[in-house]
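Once you scroll down, you'll see the structures, which are given as structure tokens.
Consider the two complexes below, in which chain A is the common component and chain B and chain C are the respective partners.
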Partner chain A sequence: MATVSLRHINKKYDNGFEAIHDLNLEIPDGELVVLVGPSGCGKSTSLRMVAGLESISGGDLYIGDTRVNDLEPAERDIAMVFQNYALYPHMSVFDNMAYGLKNRGVPRDQIKQKVDRAAATLEISHLLPNKPKQLSGGQRQRVAMGRAIVRNPKVFLFDEPLSNLDAKLRVQMRIEIKRLQQEFGTTSIYVTHDQVEAMTLADRLVVMNNGRVEQMGPPLELYERPETQFVASFLGSPGMNFMSARVDANCLHLPGGHQLEMGQAIDLTKLQQQELVLGLRPEHLEACEMPDADFVLQVEMVEPLGADTLLYGRLPGNEDLMVAEQSGKIRYERGTKVPLRVDRSSIHLFDKDSQRRIV
Partner chain B sequence: MHDTVVFKNKILPYFLLAPQLIITLVFFIWPAGQALYQSFLIEDAFGFSREFVWFENFVYLFQDPEYWNSMKVTFLFSAMVAVTAMGVALLLAAMADRVLKGAGTYKTLLIWPYAVAPVVAAVLWWLMFNPSIGILPYWMKFVGHYWNHYVNAGEAMTVVVIASAWKQISYNFIFFLAGMQAIPKSLIEAAAIDGASPFKRFWQIVFPLLSPTAFFLLVVNVVYAFFETFGVIHATTLGGPDNATRTLVYKVYEDGFVGLDLGSSAAQSVILMILVIALTVIQFRYVERKVQY
Partner chain C sequence: MIENRPWLTAFRHLMLIFGIAVIGFPIWIALVAATHPSSAFFSGVMPLWFGEQGLNNFERVWNNDDRVLGVTVSASWMMWNSFIMAMVIAIGKITISLLSAYAIVYFRFPFRRTCFWMIFLTLMLPVEVRILPTYEVVARLGMLNSYAGLTIPLIASATATFLFRQFFLSIPSSLVEAARIDGAGPFKFFKDILLPLSVNNIAALFVILFIYGWNQYLWPLLITTDEDYYTIVMVIKRLMTAGEGNVPWNIIMTTTVLAMLPPVIVVILMQKFFVKGLIEQEK
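== the complex of A and B ==
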């Protein structure tokens, strides 16, 4: 059990490329932090620096009270689950799980006891004599998890551990990981590019972009109050709709001559004549009767998902594709005009230049 | 569904295979058949008379201590060539795998010796080891050793092993390096996190994963040492001193082309043929199935 703190961490490669700029992150004991972002944002590099697989160019990394910048991976008391599982193909499942303990000189009978217990937790006891080649993807994933928990390390590190699994198994393992992490109460850092995985697993979410932290906080807080346009666009599926808007009185003027009166919910008077970016989540665009409508969506494509229906289309005179999510199974034909109403309390406004949140 | 391509035309496949088949027949099957036939004959040195003697040549060979000595020399020589060539290649590959800057140049330089013909390689080593004019014996004199592989059997063997192994190192190196680079980096990283020292990581993770490559190379190296080192031996020691470096292949040459005992020479070739078939079978049986894991 330990806290992890990253203080002013920098990563600069020999070729001058700066992968991480001034990363600060305090992870309290037992918390699961998810680093999420597009590929190349520096999330994996950050994780590998914590693991000791990548050198740290600047700043301090603490696990517990120890500064571990210059310690070997083995001395940091961490365990890592890799994307490709990284199981030793020539060793049995038992030996795979026991390898770390053997190297640390744990007595043989204790190794057996620990491996058996971990295997039982993960329901892979019957697989212990098998070689990794004989296992399915999900089973390999469990063995990789087993190898991590058997040592009872201070920190778990997960590097996109579910990316190689099919969709159904991914959901199952996601729940499993959450359950295990809570059961063991081990501080964890989890890296993924999948925002659904990030949202569901995280105690705290860190959204990264271009080697910088865009925003961190509880997942729902980030979802409901994204500080930047990047975070707003990255979280949520289908993604948020954006369109440029100009303020006039307490009203937003959208391209194509559409207007959005704010009413009492939001006061725009301080932003007169400013150019902004309006962000609307698909689920906050609700089909309604014509008199209540803010605008009319010309439907181009319908995606029935069962529980929900997605409407893709454009507003007349506006080039931007727009998505609206309606709950339930509603039959819409291509080309129908659907009147939509905007939930005023959940609109997002960003500055056009800095892309930072205004409202 | 067939998992192989099926041609409708019955003749075309044979036509397309014909060039390869003709070459195989003319240059492999026919001479092999000739050797087999000749091994049952005793012929006088001038070719005036020949007598069909069944297995007499073979019986005579197996009773000849000279032949058994040659057999012993060959196995010893092959083992030493394989171990030296593979050991050095593995070491070089392990180092090349870590090189970051100038890796291309380094690899190219290591691969070059493979392009050198065996005889040229042998001449190179012959010059370096020459007791009168060689640079290595000259240096050895300073530490009080008088090198002469024309007299000393052990030294003669050392020369042929070094000259033969040197050429094979490049080949082994390429395979070992390719094998190492095929091992996912995350495996090594996982082992590092699991607390394995670099030494343990190599012997417990990398090496077992290279074992199929190593086994393949072992067979290839043994075949090389058996059959392709004639040039090296001919250019350096001529099988001497006192037949200390006369391998089976060299004895085939000596008995056949120098001694003109064609029957015995053919019989020896047939035995070598059986050995190479055995090695090939081993290779196909085990290498194709991948050893270890």
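== the complex of A and C ==
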């Protein structure tokens, strides 16, 4: 049980490449923080610095009250779950889970007790004598989790642990990880590039890009009020629609001659004649009757997902492909024109140059 | 692959049979010749079927009765010398290569790449090339006529180091990291993780290196003058040149068959590992 704090953490490689710029993150005891971002954004590097597998070029890293910058991974009292499981192939499941305890000089009978208990929690007791190669992917991941929880460390670190599993198993293990983490109340850092995983698991979400934190906060807050265009585009599937817009009176002028009257919801008077980027989540584009429509989507492709239907298409005179998400009751045909209404209360406006949120 | 071309099939089989004959016939000759009395060869024609002298020949060679080998030591003793030499070379090479590959792959030290390339360069310097300087060194160290002299200069091995290096590189780095987090230091990691994972490679290399050591001819010939250190391979050649006129083919072939046995046994015992170590990678 411990807090983790990253203060002004920097990472610069020998070749001069700066992977992390001034990372600040305070993780209270028991919280699960998810680092999410595209590949190369520095999320894994950050995690590996916390683990001690990567040296820290600048700043301070505290686990509990101890500054751990210069401690070996084994001395930091952390446990890590790897993407490819990293189980020792020649050892049985029992030995895999016991190895860390053995190296720490835990007495034999206690090791057995602890491994048995951890195995029971994860429902892998029957697999203990097996070798990793006899196990399925999901079982291997459970063993990897077991190796982490058996030591009862201060911090769990997860490095894309579910990426090698198939979709169904991934959902199942996601719930399992959440359950275990809450049961043990262990402070955890979880790295993923999968935004659904990130949204569902996180107590707090940290979106990273190019070695910097773009925004952090509770997942829904980030989803509803993304501070930058990057966060807006990264969270949500299908992604947010963006188009350039120019303010005139209380009205947004879009390419192709479309207009969006703001009405009561938003006051644009301070932004006269500015060039902005309008962001619209697909689920906020609602099919409606012609007189209420803000614009008409020329449907080019339909993806029926069962519960929902995704409509891909363009507005007349506008190049950008647009997605609208509709509840699945109505059937749409390719080539039809669908009148759409924009939910005024949930539009996002970003500055064209800084890409930061305005409204 | 399913094909139906009878001529091609017949041709293939013919080639295979020919290949087997090329390799098998000399062995057959050796086995047959080892069972005849020396008188059987006076005519200059090699017999092609077994005689009755087999056991007798083996006994005489094994114990060196009547000094049939032309030296004071028995074949059994020379086999023992060969065995020691082959074992020390094989085990020594594997140990040194494991350690040097471990150092090169897992540790960051100055001139690491230089070290690797220097080891790699020695591939171009087998014993035969550096034999005179090596002899000089061994002689000055007073290691002529000793097991140390027979084995130590042959132990350093670039090939094995390179093989282990490639294998270590194929081990996922996350395994190393998991071990670090589990509190395994360099020695524990080597002993608990790396060594057990390398078992198949070690076994495969052992087979190759044992045979390499066993078959050494030039080096033992050069540095041993004391017959107590003669190896079985050396004495075969001596026998061929020793007798004036009548070459004792039955004795030579008996010795040859004896000399072939240990490598054959090693290959048969370890062929399972051998194949695994060369093709299969367990991860």
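Keep this in mind: the second predicted complex is superposed on the first by the 358 of 359 C-alpha atoms of A that agree within 3 Å, B and C clash if a C-alpha of one lies under 4 Å from a C-alpha of the other, contacts with A are read in each partner's own complex, and residues count from 1 in each chain.
FYI, a contact is a pair of C-beta atoms (placed from the backbone, for glycine too) under 8 Å apart; a residue touches a chain by one contact, two chains touch by 3 or more.
For clarity, every value in this text was computed on a predicted model and none was experimentally measured.
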| item | value |
| --- | --- |
| Clash or fit, chain B versus chain C on superposed chain A | clash |
| Partner chain in contact with A:Phe82 - chain B first, chain C second, else both or neither | both |
| Partner chain in contact with A:Gly137 - chain B first, chain C second, else both or neither | neither |
| Where chain A meets both chain C and chain B, residue numbers | 51-53, 72-74, 78-80, 82-84, 86, 88-90, 99-100, 103-104, 133, 147 |
| Parts of chain A lying in touch with chain C, wherever the complex brings them together | 51-53, 72-74, 78-80, 82-84, 86-90, 99-100, 103-104, 133, 147 |
| Complex contact set, residues of chain B against chain A | 184, 186-187, 189-196, 200, 205, 208-209, 211, 292-293 |
| Footprint of chain B on chain A - complex, ascending | 51-53, 72-74, 78-80, 82-84, 86, 88-90, 99-100, 103-104, 131, 133, 147 |
| List of chain C residues in touch with chain A within their complex | 172, 174-175, 177-184, 188, 192-193, 196-197, 199, 282-283 |
